[in-house]
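Following this line, the structures themselves.
In the two complexes below, chain A is the common chain; its partner is chain B in one and chain C in the other.
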Partner chain A sequence: MGADSGPGAPSAVPWRKVLYERQPFPDNYVDRRFLEELRRNVRVRHYRYWGVVREAGLVAQQLSCVAAFLTLWWYMDQSQLSPSTLLMAGLLFALLGYGLYEALGASRGGGRTRLADLQSAAIFLAFTFGFSPVLKTLTESVSTDTVYAMSAMMLLAHLVSFPYAQPSPPGSLSLNAALFASVCLASRLPGALHTFAMLTCALLVFALWPCLLHRLRDRAPWGFPWAAALVSLGSVAGLASLSPGGALLLAVALLTLTLLCPLLLVRLQRHKDNIHGPWDEAEIHEDLSHFLQ
Partner chain B sequence: MGQRKRAAIRDSLANQIMDGITLGHQDSPKHNICMVSDFFYPNMGGVESHIYQLSQCLIERGHKVIIVTHAYGNRKGIRYLTNALKVYYLPLQVMYNQSTATTCFHSLPLLRCVFVRERITVVHAHSSFSAMAHDSLFHAKTMGLNTVFTDHSLFGFADVSSVLTNKLLTVSLCDTSHIICVSYTSKENTVLRAALDPEIVSVIPNAVDPTDFTPDPSQRDDSKITIVVISRLVYRKGIDLLGGIIPELCLKYPQLHFLIGGEGPKRIVLEEVREKYQLHDRVRLLGALEHKDVRNVLIQGHIFLNTSLTEAFCMAIVEGASCGLQVVSTRVGGIPEVLPKELITLCEPTVSSLCEGLEMVIARQRAGTVPPPATIHSRVRTLYTWRNVAERTEKVYDRVAKETVQPLHRRLHRLQAHCGPVAGCIFAFIAVLDFLFLLLLQWLVPDSVIDLAVDASGPHALWKRSGNRKHSV
Partner chain C sequence: MVLKIFFPRCCNSADSGLLVGRWLPGQESAVVLAVIHYPFIPGQVKRYLSELQAQSQVELSVLGSWSMPKEGQEGMESFLKDLSTIFPQDRWLQLSRGAGRRGFACQLVERGGGSAQDGGDGGGDSDGVIFVHYDQRKVMLSQLHPPEGGGGANGTAEPSELRLVFQTVARSQPLFATDQYDDGPLKVTHWQSEGREASIIVELTKQASVPLCALLTWLLSLWTRLCRISLFNMWPVRFVTSKLSTCVQLSYRTDHLRTVSSPKKASDHMEFMRKANIFVSFFVDVALGLLLISWLYRANRISRLADILVPAADHVAKELQELLQWLMGAPAGLKMNRALDQVLGRFFLYHIHLWISYIHLMSPFIERILWYVGLSACLGLTFALSVLSDIVALLTFHIYCFYVYGARLYCLKIYGLSSLWRLFRGKKWNVLRQRVDSCSYDLDQLFIGTLLFTILLFLLPTTALYYLVFTLLRLVAVLFQGVIHLSVDFINSFPLFAMGLRLCRPYRLAEGVKFRVLSEEPGKPLHLMMEINPLKYSSVLQWYRTPTYSCYPKDSWVALCKKLFVGELIYPWKRKGTKTD
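Right, the complex of A and B next:
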């Protein structure tokens, strides 16, 4: 019975995993059945490399979106890109995107009509246009370095908090961070129209594009990798026209994100060692809320 | 002058101890045991009553036992409980959930003082949630004392917090002499968490005082069927499941009543259910119960229901069965080991499975085929007794006392080899600092200068429990 009886006790009766019976074994006895209920890696997902690459493409394209937005801002800041050109291009892309969105959306759920969409767009454009002189002078008393640092932080926060699993609707924290950064950057541009153009562009890139991409991923899965690749290539090309070194860095980062990181994930999966057993806290799988409704 | 006098007293006491040891050889050696845990009276719970009852039974068996815990509000300093059980309430800062803060060092002066004053030979720490228990293990090993640890709870492996606490447990237990768990499931869990050799882990279950939980069928109303639930109302006790069971069964059986004792954040769930289904007369929430009132609630019921999602031992179901109730419980953790099949109905932790189990027992109760409470009580009363627990724990102490405590260099080696390259090195460094701190304390206040306390319990106790040996002192 005691701890010091030694493991060589007589074992005429088999050991049982019960406490209510006095058994002829020492308290520190270790049976062959010790840990027999141990289960390893019960609910582990097995990843396929190309499947992960596909999902990682979303992260890469979001990074590209930020890069493309910054490139556009730089051209605006240097007055090499006129606001009217950007607005026209934005309008063109918005119409194209809206058409595609409608074409992909088989059934119009949620009861939103085209008129409602138009109304929202009109209200947003009117207000942004009206307030753009205010936004233009918003950060005048703040030093440019602070504005840049703040924008960098906010864009980083946008990238970190972006809901990659469910990009539509864009998460409130990530969208707000991106818009805050856009307002900061836009306020450093030469004119009020520039600010307006930049903000509509930010809305297209950070709010509407993820919605379109999400629908694309749902309804036309074959088109999604192409869209992501196109955005990535476009942003690298755009950045290359500004600074070849930066474009090279971006390209390396994108390749690492889409090809190397998934490889690491798949490779390291072998080392996964999850332990399950009777000591685990039971999970309540049922929906118990209906008892209270 | 004072020092010389102290030294003289110390010598005479040391002689007494030698006598004790030589005397002890005739039957079994007596130990000076120090129980350490953050959790003790006035806090109430399984760990607290375990420490108290075990200490009482060890004193009865002739050992010297003291308890060390932190100060609870106004309760500080030294207190004596029944049978001259001495309790030190040390002034340490409480951080969270009645557990003290730990810096690995700050408790050393106080604990060293206690260990030296009381001539402790075995330090027995309780509960892995108690920082003070881990601190005392660490310092006891630095001072070269034997250590025993009792783990009272189960822990998972899946989330970040458990990964961190399991690492700390690995460090804390890697050179502890012996570990005690309360069930076989708990032993498997602890062995995995702390990467231990299963040979140094003993299973000694908890116990219930059967005289506290006697049945009294006259107290229950046999015109209805009462289900009793006594637990803290928290998520881990499966109160959400209970919130699903109550409406299901109350709609089916109009004579069914629920009696729920305990308090906690999930009380709101039960109140909402009661409100929505208008069950105010059939579901009674009693709120927090004192330990002495538990029996009075239990004997009013026919069925005891336990919906825990995780449980190392579960004393509640033994208490329920001891009062002669039919026990229905979830099959989680160590619960299947606790009661024989004929005394418990085990269900999966789902509303449907628990309802099924309860309906089966209700049907048996109506048909009158359940054994009478007195029969169940007589079956349960011998299963778990504190005397048996003390006897088995004593064997652990005997085994530990024969082992030598690892010297510092071996301990450092063990830490580095066993706890991984990073944590191992960090804690080896802390162990060295602790040792240097101990040397500093020993230089400032040498052991020989510290007053020795008179024994309140044990072979040289000045206060005898019975009057027959009073004249010999």
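Right, the complex of A and C next:
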């Protein structure tokens, strides 16, 4: 750390940490006070285990959403689930969810009116219904494996780019990737109505459900873990009816995500050793206040 | 400073007399133009010189004296010295040539009898004088071109010494008008023409050309007025005429003829050459056209051509039909969207059906049309070529239509995909800042955008294939038309007269000069021979190319490829807006 005691350093002149003066010290000289300003682990956060688990539940929940969607698609593809059933269920869930959404958000003032919501719903339904015959023939000549690979890539991109911290307006890329994947998958289904039902379902799962979940987390924090757990359990159960092995894998993945990964984070946090001092560059602080104790 | 004396070769063996010429302003050099022989009356010489000066705008003066001793003419030295008092000059040259010797002796007498530079036999400062011999006729007739690169700078700055020499010699043409058989008061030696045997024919032609030019100008003005009628300036007519290469060529030729037939005399060399070039190329063009007509209208070739043309167009249509059938299947094993493929294929097939019926409707009249259209060749070969280009354009109109449909569709898809791809990533194009910004879209926007993106992406290969095939067909047609346009442009702009001049009279177009040492003896002035470097052929082309609407590809190859990729339309007839020299 520099020449602490230079041979020609006269003790009479005190060293100052300035560059604008010519001093009788070498350029790299620092005195004993240098390490006094060293600080360790200044801004390290100490997470609570259950707080982290609660947040990790969101990730697990999103993964289970994808799994549930794939399960539904599989049933449709095998013609074991009729599109009208799916549509009815979708309508039911949508009405329920909308009621819950409105109930939770009663306190807020401005925002979208009911008419705008109705308009959006009409646009969704009209476009999906109008385009479903086109979508049906879209990937006719493309190989099935290509379609599967493309969908897998897109769903992965959806999971990676999902804005877990702020899911209320779903991120453009994540939503678009999910919709692209669902269009690809839906075009493999046997009929135009199947395609329509599948796309409606995708809209519910990937676009509207994150909005409701965010509202739930904001207004009714106690209900959020239950909702996440419900979705996870539902998806595991649905997959179990299809392939028990897959369901097991999904359950293990979900448990790892929700319980093991937070544990690892909390344990590893102890070994953190950051040093700070006057040599640091300027830092930009992100707002991570909700991770704090 | 070295004194340079430019001396005409024809005066080498002239009799003794006065040297007439010009001191170049600002240069240590003199140009000798002629020798006036003894005996003369000084007053007549002065009057003669002032007359010439008024005619030629060159400051002619008596430079000095020239002595060529012969037998019985000795002892003129003192007389020559006295002459300088009769013709008062700042400097007085005394050149003398010894009998049987090659070199000259030179003596320079400054006014006031000061220093005398002596290049004579007796030795002295012989380095001071350089004799440059030149061929007066060639220098007079030749046009010195500024060197490439520094051409502009030379024009604005004061002219170089060499240029001054050339100018002086060329301008003092009136001096050379007298020939040795003239019985004037003065006997002069300079370059003389060999005679003017053909001058009567030339004069007659000149006389005849004046009313001819007037007639031509009148006809042209009539034609221009006809073209200005508002009926022809309405939008559809104007649009069609600007697209037909025959009409373009017609207006172009009108311009040419107007230039040639203007009654004004050409003001400078360039304008003269331009007129001559246009004239000669016009004549060659018409001659070639007449040749073509005489070939075409013999042995019933027109009807045979018509018999070939219709089946050929039919055949092309059939081939196109087969190509479309192939595209509607699974061409080259490509996986295309079947529904869109069928729709596009049927659409194009219907077009071809229309086209075939159109051709069949036309076929009885084709021969007559060809017969009349072929007559246009008597206006020149370029007209025949332009008509051919137009016929090709009309006969491949269906290909053009296909190309436009394909390109528009493809262009729409490409633009849609590029903007939807931005939406896909949650970005948008900010027009105000000319950059891509991030943007938060509504749910319904995202949904519809993604839906359209997916559809466009999966339909792109089908459209792209159709676009590719029709673009290739279009490129073939464009290439053919481009070759025809290039050849027409070549005939229009090729400087035939200048090339002929360069071929037959290389000295007329000079690029510079080179010097050859004639004699170099110690103690005597250096004698150099000035020879003219003819202009290079490429420079001739560059200098005298008639300005024309350039038909060369407007864009670079990269820009063309980019246009093809994005699906913008390409045209062969897009010309540069301004004339390019």
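Here is the rule we go by: the second predicted complex is superposed on the first by the 242 of 293 C-alpha atoms of A that agree within 3 Å, B and C clash if a C-alpha of one lies under 4 Å from a C-alpha of the other, contacts with A are read in each partner's own complex, and residues count from 1 in each chain.
Note that a residue touches a chain if its C-beta (ideal position, glycine included) is under 8 Å from a C-beta of that chain, and two chains touch if they have at least 3 such contacts.
The structure presented is a predicted model; accordingly, all values stated were derived computationally and were not measured.
In the superposition on chain A, A:Leu212 makes contact with neither chain B nor chain C. Of the two partner chains, neither chain B nor chain C is touched by A:Met154. Using the contact criterion defined above for the overlaid structures, shared-chain residue A:Val142 touches chain C, although it does not reach chain B. In the superposition on chain A, A:Phe124 contacts chain C only, with no contact to chain B.
With both structures placed on the common chain, the touch criterion links A:Cys201 to neither chain B nor chain C.
In the overlay built on the shared chain, the residue A:Leu173 is in contact with chain C alone; chain B does not reach it. Of the two partner chains, chain B is the only one that A:Ile275 touches; chain C does not reach it. Legend: residue contacts after superposition of the two complexes on their common chain; A:Phe34 is shown touching chain B, with no touch to chain C.
By the touch rule above, chain A contacts chain C in their complex via residues 120, 123-124, 127-128, 131, 134-135, 137-143, 169-173, 175-176, 179-180, 183-184, 203, 207-208. Against chain B, in their complex, chain A makes its touches with residues 1-4, 7, 17-21, 26-28, 30, 34-35, 37-38, 274-286, 288, 291-292. The touching residues of chain B, when paired with chain A in their complex, are 154-158, 178, 183-186, 188-189, 191-192, 198-205, 236, 238, 240-241, 243-244, 247, 269, 272-273, 276, 309-310, 313, 330, 332-334, 336-340, 349-352, 383-384, 391-392, 395-396, 398-399, 402.
Interface of chain C with chain A (complex): residues 335-339, 423-426, 440-444, 446-451, 453-455, 458-459.
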